[in-house]
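Going by the order they are written in, the chains are A, B, C, D, E and F; count residues from 1 in each one.
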C-alpha cells in the first residue's frame, strides 16, 4: 500500500474530494497545516508595525491506496488541485507496511 | 416616534400652580427639561448605540473565518462615519426646517442652534441635543444593516463611498419624510413608531439591490459558506435585542406609560418570533437551530418596530409569530429559489420583516395604547392600512432607486468588488492586512532593525 | 422587593400643595408616574434581561466545545418561552389577586387590566406594565439558571417541556408566596429583597434534583470535562454582574437612597466573594484561577441578593467573603465527595449561596437601611432569623418536590436524556444540527440543484 | 466633573413655592433627591463599571493566546480589589474632608457618614452613596488601564501588591487634588471634566514607567507578538465606548443639557479619532486596519474626556482627529524608536491622548457650554492653558514617581517578573494553572478515586 | 524503527493512552484531523439550507517504536479503540530510517 | 528523497526556520500537534478539581529534501531547536518514493 500525502490550497479541497469521489475513493484523512515555499507571504500590520507572514494556510490530505492505483490518483488530484499559480502545493508518496481496520482487525488492502 | 402633546398638557396643568407662585416664574425656562425623560433618552441612545457593535458580532459570526474582521469593520466604521456626517450635515437634512416636504434645509449645519434647551417640535422635555443624538443612533444602525448583504466580497473603499452617499442621499431624506416636521409621509398620517420603514425597509431593500448589483460570492451554491462562530452571532443578537429596548421604548421620547407599553410589546414580539422561526424550521428540517432562534428574534424585533407604540401585547404575540414564520420562508425558501446572494439575509429579515410590521401596524394599531396614533383595520379604520401601504411603497422606491444609482456612480470611480484571488484569500487579509485569530507563530516582524535604544 | 410607602408619604406631603393649586387637580391621576423612577425600572429591566444572555455565555464557555450551542440555546429559548408564558399566564399566577395565599388568580390573564397606570399595591410611581416586565426578567433568569445542572446531556424537547412546566408550577407560585400581595411568606415577614429564595434557592435546589434524576455525564470522573472557552465565561460573568445592578438596585422599585444602598452592597459583596474564592483556591490548590474569580463574584452576587436592601456595606463585605469561601467548598469538596454531576454547579453556587444569603439577611438586616424592612439577629431581633429559616425551608421543599415531579411526568412522554452516541457526538450536532465553530471547509450544500435563476 | 450650582439655583426658585405651601415644609429634606438625576448617575456608574470588563476583552484579544486569561484576570481582579479598598479606605482618602489640599482625611473610613442623603458639596440632588459608587468606577478603570503595559510577563502576586498600593498611594491623592473639595489643583482652577489627568495621564505614565522597570517581553522585536483574537478586541472597544457615555455624560452629575452636550462630544470625538487613525495608517502602511479603528476610537475617547463638559461639537471633531493621528504616531513611530515594550500601548494611547486632551481643554473650553467652567485660549483666556499645563505636569510627576517607588518597594518582597520558562509557557498556565481554550481531550482528572457515592 | 499512525475516534483517545501507558509506552504525538470513509456524515442546517458534512472529527496518534514491538502495540491500540461501529478508524505502519532526540543528539532506538 | 519530520517546542519554530533559511531551505509544512513523552505534564485546576494534563503543545515541521542533504539538515535543525531541557522533541526521517509539484507536474527532486 502507498500513502499519498498532498498539500493543497484550502480552496481546492472540495474539488479534490469531488474528483476522488468520482474516481471511487472515499477514504481520506484531512488536516489543517501551514506551508512555506516559493509562494510569497503577506504583510500584516498591527498598530503600525509590519510583520511579514510566510506561513500560509494549506490543507493536508492523506490517502492510503493500493500500489497500483497510485499513478492514476496522483493525476486525478493534480488536475483537481491545479490553478497554475505558485503555491498549488505538492504531493508526496511513500510505501507503507501495513494497514489495519480497527473495527474488524482486517489488514492490508482489505483494510482501506 | 409620535409627537405627543401629553407633556405639553401636563405643563398646562401646571400653569395655574406657577401663577400662584409668581416668584417662581424664573422657572419658566428651565423646568421644561425633565430629568427623568432626559435620562431615559440619553441612556436609550446609548442602548441603540450598542446595537451596531452587536450587529457587527451578529454578522461577524455568520461569515467565514477569513472575513470576520472585514465584516465587523463595516459596522464599526459606519459608527464613526455617520457620527461625524450627522453632526456636520445629516441631522439638518433629516430634521432641519422643512424644505418642500422632502428634506430638511441647512439651517442646522454643524449643529448650529441645536443646543441644551429643548426643541418643542420634537421633544419638549429633553435638551435638543438629546433628541439629535438619539436620532443619530438610528442613522448609524440603518446604514450598518445593509452591509450584511454584500459581506465577504465588497472592496473597502467602495464600501466607504457607498455608505457615506447612502446615508446622505437615502437615509436623511427618508427620515425627513416620515419623522421630520412637515415631511410628506408624516403629514399623510403614516404610522412608524420606531423605524419600520425608515430603518428596516430602507436597509432591507437596499441590501437586496446591493446583493444583485455585486453578484454572488464565489462558491455560492457549491461550497458550504458556513457561519464560523455561532456563539458570536448569538452574543450579537443579544446585544441587538438589549439595545432594541432603547430603540423602541426610547421612541416614546419620554419615560411614560407609552414607553412601558412599547418595551413590553418589543420583548413579546421578539420572543414569539424566535419561537416561530425555530418551530417552523424544526418541522421543515427536523432540527431546532440556534441560528434560527437568533435570526427569529431579530425578525420579531424588526416587525414590531413600527407598531411598538400602537399595539397591545396580544397582537404583539401574533405580529411576532407571523414575522418569524414569514422571514424564515423568505430566507430558506424564497432566496434559494430566486438565487440572489444576500449573504446575511438583510432583505429576508429586515426588508420582509419591516414590510410586514408596517402593514401590521395598519391592522392592529389602537388609540387605546396611544391617543396620538390612529386605529388600524381591526379597530375599524381600514384607511390606515392604505396609508401604511403608501409609506411602504415610498420607502421601497426610494431605497431601491437610491441604492442602484449610488452603486452605479461609485462603480465609475472605484471597483466595487474584490478580485477573485482576494475574495479567495479572504477580505481580512486582502483589505485590511490582518488576521482575526492569529494563534500560532507565523512569521517575523518586518524591519528587525527598528527596535532601538530602550533601557532601564 | 419591599413595598415601601415612602413614595406614598411623599405624595401625601404634596396634597396641601395641590389643594392650594386647585386648577391643578386634574393632575391627580397622571403625576403619580415619576419619570425618574419609570426610567430606572425600565432600564433595570433591560439590565436584568441581559443577564440571561450573560448566563448563556457564562455557561457556554464552561462546557466542552461540542456542547456550546446547546448550552447557549437553553438560556436563549427560555428568554423566549418565559416571555410569552408570562404575558399570557405567568404574571397573573404570580402577582394577580391572591388566591388562598398560595397563588394569584386568573384576573390578569393575557395582561388584562395591566396597563400604563400604576398599580399602587406594587409600585405607586411607575406604570403597572413596567413592574410587570421587570418581574418577567426575574422569571426568565431563574428558569435559565437551572439549565447549568443538566448541561451536556438533556434532550431538547424534554428541556422545553420541563422549563415551561417548571416556570408555571414552581416559579409562579413561589414568587407569589414571597412577593405577591397576601402571599403567605410575605405575610409572615420573610425578607427577600431581590430573590434569594425565589430565584436562587429555587433554581439551585431544582438543579440539584435535576442532576440527580438525569445522572452523570459520560466520562464524569474519568475524562477531563474542561471549559472550552474561559474568556467567554468571564464575559458572561461580567454581563451577569452588570445586569445584577438592575436586579438588586431596581428591586427598590424607585430611584432613591435605598436603590443606591442596594447598588453599593451588591458591588461590594460580589468583589469580596471573588477575592475569597480566589484566595481559598490559591491556598487549597496553589493557583489563583480566573474561573475561580468569575465563579466567586457570582456566588457573592447570589448571597447579597436577598440582603441587598437591608444591610450596610461592611456586613456586605462579610457576606461576600463567606459566600466565596462556602460556595468554593461546596463545589470543590462537597460535590466530588457526594458524586452527583451538577455540571456547572447550579446547586453549589445558587443553592448554597442563596441559602447563605437568606440566612445572612436574618443576621445583618437593619432598619437603619430600610425602615420598611426589619432588624436581624445582630441588631437584636433573633426572631427574624427564624422567619428566614421558614422561608428557606419552604423554598427548598417546593423546588425539590416540584422539580422531581415535573421531571418524572415529562419522562413519561419524552426521553429526558440524550442516548450515549448523541452525547458522545455532542448535543450541538445531535440536537440542533449545528456546529459552534465551523472553521474549515467540511462538506457541501445538500441539493446543489436548488440555486436557481438569479440575475443581474 | 464640575460642581455646578444650577440645581441649587433651581431649588432656590422653588423656595417661594414651598413657602406658599407651608404644610409641605416637611418636604424640605427629601425632595433634594431628584429621581431622574439619581437614575442617571446610578446607571452611569453601571456603564462605567462595564468598561473594565470591556478593557479586559480589549486587552485580552491583543495578547497571545497563551496569555489571554492572565490579561483578563488583571482587569477582573482589579474590579474586586479596588471595590473593597474604596469602600474601606479609598473613598475617604480621595473625597473625604480635605487634609492639607493633598488628600482626604479618614473621617469617612468604611463609608462612615456616607449615606442615602445627598452631600451637597459634591452633588446636591443624588444620594451621597450614588456619588461614591460612581467615583469608585473611575478608580477601578484607572488601575486596570495600567495593566496593558506589563501584560504577558508580570507575576500575579507582584501585580496584586502593585495595584493595591498604586490605587491607594497614587490614585486616591490625585483624585483628591483634582476633584476633592479644597484639593490644590481644583482650587487652582484646572479643568478636568471626567478624568483626563486623574484617569488617563496617571495610568498612561504609570504604564510607561512599569514597562521600563519590567523590561521587554522575550522575543520582542524578533518574534511577532500578534493579537490572538481581534473580534474580542473590537468587542472590548465597543464596551469601552458604550461605558464611556456614562463616564463623560455622567460626570455632569445630573441629567441636564450639560450631560447631553458631554454625551454628544464624546461620541463625536471617538468617531473622528477612529477615522483619523485608520486614514493615517492607510497612508502610512497601505491598509486600513480594524485594530486601528478600535485603537483610534479609544484614543479619541481619552482625549475628549477632560474636555467633555466644556467644548462644542465642532472642536470635538478636531480634538478627535488630532488624537487619532498623534496617538497613532506615538504607538507606531515613537515606541519602536525608543524601544520600550509597553505591550498594549497604555502610554501611547492614554498618556499621550490624555495629555493632548488636557491641553485641548485649555484651548477649546467655552463657558457657553458650561458657565461653571472657564474659557480656553481660543475664547480669549490664555491663562487657562497655563493652568492646564500645571495640572498635566503634576499628574505626570505623581504617576511617574509613585509608580517607580512602588515597583521598587514591591520588588524587595516579591519578584516582579515571571521567569523565562514561565513566560515562554504562557502566564495562563504558569500563573493560573488554566488554559483559555481547551478544545481537545488533553489529560485526565487527577485522583480518580474521589468520585464517590452519588446516586438515585 | 516503525511509525504507528492511528486514526481514532476522539472519544477513545483517553482509553488508548491508558492502554499504551500500561504497556509502557509514553511517547507519542497527537493531532486533530478530519476523516472521511464509510462512516455516514451528518446534515447541518443553517438558515434553512442543508449542508451534508462528510468530514468528521478524528484524532491522529503517531508513535515511533522498535520494530519488534509493532505487533503487540497494534493489538493494544486496536482493542482500546474498538467500539465495533463503523468509523473506528485505521492504523497504518511504516518503517522509518532514523530517529534523533534533539536534546541529546541520540539516534536510533535510543532516541525514542 | 527523504522526509524529515521534526517535533519541536513551539517557541523554537522561528529559530529553526531562520536556520533553515540560512541553509537555503525554504519549503516546509508546519502543523500544531500535542506531544507526550518524558516531559512532565502540568496540573490545571477548574473549580477546585485538579486535572493532570500530559499532552503538551508542540509544533511539527515536515521537510522533504534530497537524500544527500539529510544529515546536514538534521544537524541544523537540532542545533536551532535544542534548549537542553527535557521536551526538546524528536526528528524522524524516512525515505519517500516520489514528490510531485502540482502546479507544473514536475516529479522527484525537481519538485521540492
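Basically, contacts are C-beta pairs under 8 Å (C-beta built on N, C-alpha and C of every residue); 3 or more make two chains touch, one makes a residue touch a chain.
Just so it is clear, the structure is predicted and the values come from calculations on it, not from any experiment.
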Chain pair with more C-beta contacts, A-D versus A-B: A-B
Copy pair chain E, chain F: interface residue numbering same or different (half cut): different
Centroid distance [mean C-alpha coordinates] between chain F and chain C, Å: 51
Whole-Å gap between the CA centroids of chain C and chain E: 45
Separation of mean Cα positions, chain D and chain C [Å, integer]: 31
Where chain D touches two or more other chains, by residue: 17, 20, 34-37, 39, 43, 222-224, 226-227, 229, 235, 285-287, 289, 291, 336, 433-435, 438, 440-445
Contacts with 2+ other chains: residues of chain F: 11, 14, 31-32, 34, 44-46, 49-51, 53-55, 85, 94-95
Residues on chain B engaged by chain D in the complex (per definition of touch): 17, 20-24, 26-27, 30-31, 33-39, 42-43, 45-46, 49-50, 53, 56-57, 60, 68-70, 72-73, 76-77, 79-81, 83-84, 87-88, 110-111, 115-117, 126-127, 129-130, 132-133, 136, 156, 229, 232, 235, 428, 431-439, 441-445, 448, 450-456
Residue ranges of chain E in contact with chain F within the complex: 3, 17, 26-31, 64, 94-103, 105, 111-112
Complex contacts: residues of chain A adjacent to chain D: 44-51, 53
Contacting residues of chain D [partner chain B, same complex]: 6, 10, 13-14, 16-17, 20, 34-37, 39-40, 43, 47, 65, 212-213, 215-216, 220-224, 226-231, 234-235, 238, 241-242, 245-246, 249, 254-261, 263-264, 267-268, 270-272, 274-275, 278, 285-291, 293-294, 297, 312-314, 317, 336-341
Interface residues, chain E side, partner chain C - complex: 11, 14, 34, 41-46, 49-55
